[in-house]
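Next come two complexes built around subunit A: one with subunit B, the other with subunit C.
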Partner chain A sequence: MLRLIVRRLLLAVLTIWGVATAVFFMIKAIPGDEARIAAGRTATPEQIEQARERLGLDHSVVVQYGEYLQRLLHGDLGTSVVTFQPISSDLATVLPPTLELVALTMVINVLIAVPLGVFSALRLGRSGDTASRLIMVLGGGVPVFWLALMLQYLIGSRLGWLPISGRNDYGLESPHVTGLATVDALLAGNVAGFTDAIRHLVLPALALSAPFLAVVARAIRSSMVGALKADHVAFARAKGASNRRIIWRHALPNALVPTLTLLGMQFGWMMGAALLVEAVFSIPGVGTYLNSAVTSQDTYAVLGAVLVLGLVFILANLLVDLVQFWLDPRTRVAS
Partner chain B sequence: MTSVLRIHGLTVDVGGLRIVDGLDLDLRKGERVALVGESGSGKSMTARALLRLDPSVSVGGSVLFQGKELIGLPEKEVRKVRGSQIAMVFQDPTTALNPLQRIGEQVAEPLRLRGVGRRSAMKQAAEMLDRLGVPRAAERLGAYPHEFSGGMKQRVMLAAALITRPKVLIADEPTTALDVRVQEQVLTLIEQLAAEEGIAVLLITHDLGIVAGFADRVAVMYAGRKVEENSVDAFFAGPSHPYGKGLLASVPRVDRALTERLDTVPGVPAKPSARPAGCAFHPRCAAAIDRCRTDAPVLLTIGTGQAACHLIEEGALRC
Partner chain C sequence: MTTLAVPRFLPVFKIPLLDRIAYPATAVFVLIALVGPWIAPHDPYQVDLNQALLAPGAGHWLGTDSAGRDILSRLLAGARTTVLSSVVVTVGAAVVGIVVAAVAALGGRVVDEVVMRVCDIFLSIPGMILALGVAAALGPSLRSTIIALVVALWPAFARLVRAVLRETMASTYVESARTLGVPPGRLMLRHVLPNSLDSLYVQAALDVSGVIVLMSGLSFLGVGAQPPSADWGAMVADGREYVTTAWWVATVPGLAITLTAVVFGLFGDALRVRLDPTLGD
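Now for the complex of A and B:
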């Protein structure tokens, strides 16, 4: 068991190294003078030469690669040509809001998709199933930014039930510790601030969850249909188990195992798709940062953000692997 | 002897198709009855219908368990019978055990469902597994199915079925997924426990080879109907129905050279969706007469048993 976990961790480290290498060669593949890119468009020739020297761009590619990895290990992702801040500290500011948003999106995703998929499987071929599948198709087909705008307009603006932008109302912010508005509020014992932070997250998370929960609900539905037909479910029924026990105890856990892998990957995809709602709800997250970095040709900032998104993707999948070890005894067998 | 299970005119319909059509069968206390037939003959559906395992399947007729009618009983009442009075084991122990649950939990489940405390249920599970020859049973309660061999898994399933001391055990092809040596062990175990506890066993199988050594009585099903029933001795001495004869002739024998071609029943089994008129077996029957093509034969008493064949009336079949 421990050996398996260690092996998974080593594999994760190896994958991160792979992503870092890919990012390095992406920099190399960008046409033009890298020193000019690093120094920014408005740089003077002296500044360009400074950048060339600082980044060791006059060395061979192999040496540059080594230096690049070394800089990465020290958390140095370069300097933004827009904010003039180290990109790592920029990312430390924009990552928490997105993580918070994606975490709540994941919770909503699971809370809606699992019951919906189970319900659909139990009503297989009947009107309840058809209705559930209609919701899945609509959820999967509706554009996220449109849904975000509609929720913002209807629930936020017209009904005034929830805030329409930002992370906290004025005066409810908590001192910065982790950068996560919810966690910081809890750390400061600021209950009103916590509720306020959650209220700010609900609409964006709801909008972002739609396409993801449609996929998860469909996956749950089909694996649940299979699980309910399984011999071990018939055996449980023959032992005298009630329908409720059969659904929750004998079929659902088995149906969740394959879905777990999907959830792990979705976490990474959500990080990428967060931009769509961050823009609508004015959340200063990774998506917004990446978007402005692209439009202002802040190449190192773009690559830094890509690297961090890759890292989150890998860590999410690592977490899923560990949960799977715990849930499915068959995966614990070292092959 | 009194019947524990009396099946009368049992019908099973799946999606508008009649899979089992008017089956009669009696199971007396401690008796071992084999229900045999080819794939698709309705024997497995009969087994599942007795416990009403498939909600989408409509079951008709009458099933009396110790004088109590099970057909038409509300689901909640049927649940009290399942597992505690009538237990069932399935064909493939690999798929019939939940891969995510511990062995002990799965064996003890029928007791836990009936309010037995966890410790007591686990203790009884260990005892039952031990009786069924699972080595170091108490230590292995925490193991998962994938850590067991096929034969051991079948013992685990039997332990879960028998832990409540049921009156009837329905065994649906319990040895089909096992290798021959393990088949023998598992059947011997079922036989022993059934004898000790006075459990009636309904063995569903397509393998006549295991019937001879195990059952007291044989019923043969074809296309959803019982075509023959007799004591094992009488059946193996000479079946009355041409289908029974065909089945018996197609069992490989040690006293014949391997170079000889094995006898087979010609043709393919009748499908429920295209059941031939008259006797469903007539297209494959070498002895079929005109009447067989139009009239469905009824079960007639012949010798110690029964058979449904026009040739009996015609005097063409001997007892």
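Now for the complex of A and C:
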């Protein structure tokens, strides 16, 4: 068990290094003068040369790569040419809003996908199954940015049920502690602020969850179909266990274990897809930051944001692997 | 090997409804994509500010956008770009994936390990983010989007194909061919690949659907096909400002994306059930 955890951790470190390397060389491969961008649009040739020297861009690529890794190890991602702040502190402010959004999206994802997948498996081949599959196909096909826009318009503007943008209504913000609007509100004992923060998150999270819950429901459906055919389920049935007990106690837990891996990966993908939803709902998250960094050619800010997203993905998967070792005795024996 | 041939017509009534409509619907959409620009009732690029933001009605069935261009015509003009480029992306990613997987399968343990770790690295950057970065770096255009999406999608293919290839490689007939001294290249092309392609077709068909959505997302963010070309994602982005006053400008192209992605998704699903008998019930 311990050896396995160590192996996983080493692999995670290796992957992070790989992501850092891949992104670095991609940036180097792109045409364009980083020094010119860093020095600003109105820079004189001297200022550009100064920027080149300051950033170490006059060294060979190999030396630059070494320096880059060294800075990375010290948590130094460079300075944004747009905000003039260290990118690491920029990222620390934009990460919480995205994490919060993705966390709620994950909850909605599981709450809808699991019942939908189970229902579909139980009605296999019948009209209930067809209806569920139609929902899954629709969820997989609808573009999140458009769904976000439609929800914003219909439920936010027309019906006025939920707020259409931002994270908190004016006057309901809580003092900054973690950066998570919901947690900060709870810490400050600000109940109105907490409900307000959740209300702001519902529409973006609903929109973002659509493609993910489609995939999870499909996975649950097919593993549930398999689980219901398993010998131990037949045995439980023979022993006279109730239908409900068979479904929830004997079949579903087995169908859920492989789905965990999927959820772990989805956490990372959601962080990426959040970009589109953040754009529609004006949420100041990693996606918004990345998008503006891309438009303003803020190279190192792009790199930093991509690295952070990669890191979240790797950590989420690591965590899921460990939970799975703990939940599923078979994985322990097999490895 | 199961074939991809013409659907058998006899047991049609036993096939679930969704799978039954999948093939004809896909055919219709492919047809629209092919002839779209020719059947457009208006010039999709004709700006006429007197006709701006007209609601759907007699002259313009789906209304006009902020520049007075006919939305239906723009949809039809954009259909070809959307469907064709999604197919190009999928085929591109599949080809790169197959080549990488074949190298990994033939190259022995070390090569295999290295290739799979590289795939892991690519897979740990969300596809949308990777594609956005590459597309923005190459300069916003349709071509950049296509390249970016191939870069983002090949690792998933490589993984899938590698798993399938390993399974096929372990079968007795491949073992025999190897023992008989068939060289590795021929072994792969003649004996292993042809028998491993079924799951690839399914994945590719399902991916076209995903690519349509991803690509429209990139256009929505402004890194896809540039104005004035009729691009569905960009059309939604254009309509954003008018969503409260002229709902159809953003709604209609979004529906077109959804419908197209759904139809191709159903096609992939139907193909999966057909090619993998263990899933069909």
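By definition in this document, the second predicted complex is superposed on the first by the 325 of 335 C-alpha atoms of A that agree within 3 Å, B and C clash if a C-alpha of one lies under 4 Å from a C-alpha of the other, contacts with A are read in each partner's own complex, and residues count from 1 in each chain.
We take it that a residue touches a chain if its C-beta (ideal position, glycine included) is under 8 Å from a C-beta of that chain, and two chains touch if they have at least 3 such contacts.
Not measured: the values here are computed from a predicted model.
Enquirer: Determine, under the contact definition given at the top, whether A:A273 touches first (subunit B), second (subunit C), both, or neither.
Expert: Touch status of A:A273: second partner only.
Enquirer: Applying the touch criterion given at the start, work out whether A:W146 contacts subunit B, subunit C, both or neither, answering first, second, both or neither.
Expert: After superposition on chain A, A:W146 lies in contact with subunit C alone.
Enquirer: In the superposed arrangement, does A:V257 touch subunit B (first), subunit C (second), both or neither?
Expert: First partner only.
Enquirer: In the overlay, answer first, second, both or neither for which of subunit B and subunit C A:L138 touches.
Expert: Touch partner of A:L138: subunit C, not subunit B.
Enquirer: Between subunit B and subunit C, pick out the one touching the greater number of residues of subunit A.
Expert: C
Enquirer: After lining up the shared chain so the two structures overlap, which partner does A:D328 touch, if you call subunit B first and subunit C second: first, second, both or neither?
Expert: first
Enquirer: Touching A:A238 in the superposition: subunit B (first), subunit C (second), both, neither?
Expert: So A:A238 only meets subunit B here.
Enquirer: Provide the residue numbers of subunit A that touch subunit C in the complex, in ascending order.
Expert: These residues of subunit A touch subunit C: 14-15, 18-19, 22-23, 26-27, 30, 124-125, 129-130, 133-134, 137-138, 140-147, 149-150, 152-153, 157, 211, 222, 225, 268-269, 271-273, 275-276, 279-280, 290-291, 294-295, 302, 305-306, 309-310, 313-314, 317.
Enquirer: Once bound in the complex, which stretches of subunit B touch subunit A?
Expert: Going through subunit B, the ones touching subunit A are 48, 51, 53-54, 75, 79-80, 82-84, 87-92, 95-100, 109-110, 113-114, 144, 146, 157, 160-161.
Enquirer: Which of the residues in subunit A come into contact with subunit B in the complex?
Expert: Residues in contact with subunit B: 230-232, 234-243, 245, 250, 253-254, 257, 327-330, 333.
Enquirer: Can you name the residues of subunit C that touch subunit A in the complex?
Expert: Where subunit C meets subunit A, its residues are 16-18, 117-118, 120-122, 124-130, 132-134, 136-138, 209-210, 213, 216-217, 220-223, 233, 236, 240, 243-244, 247, 250-251, 254, 257-262, 265-266, 269, 279, 281.
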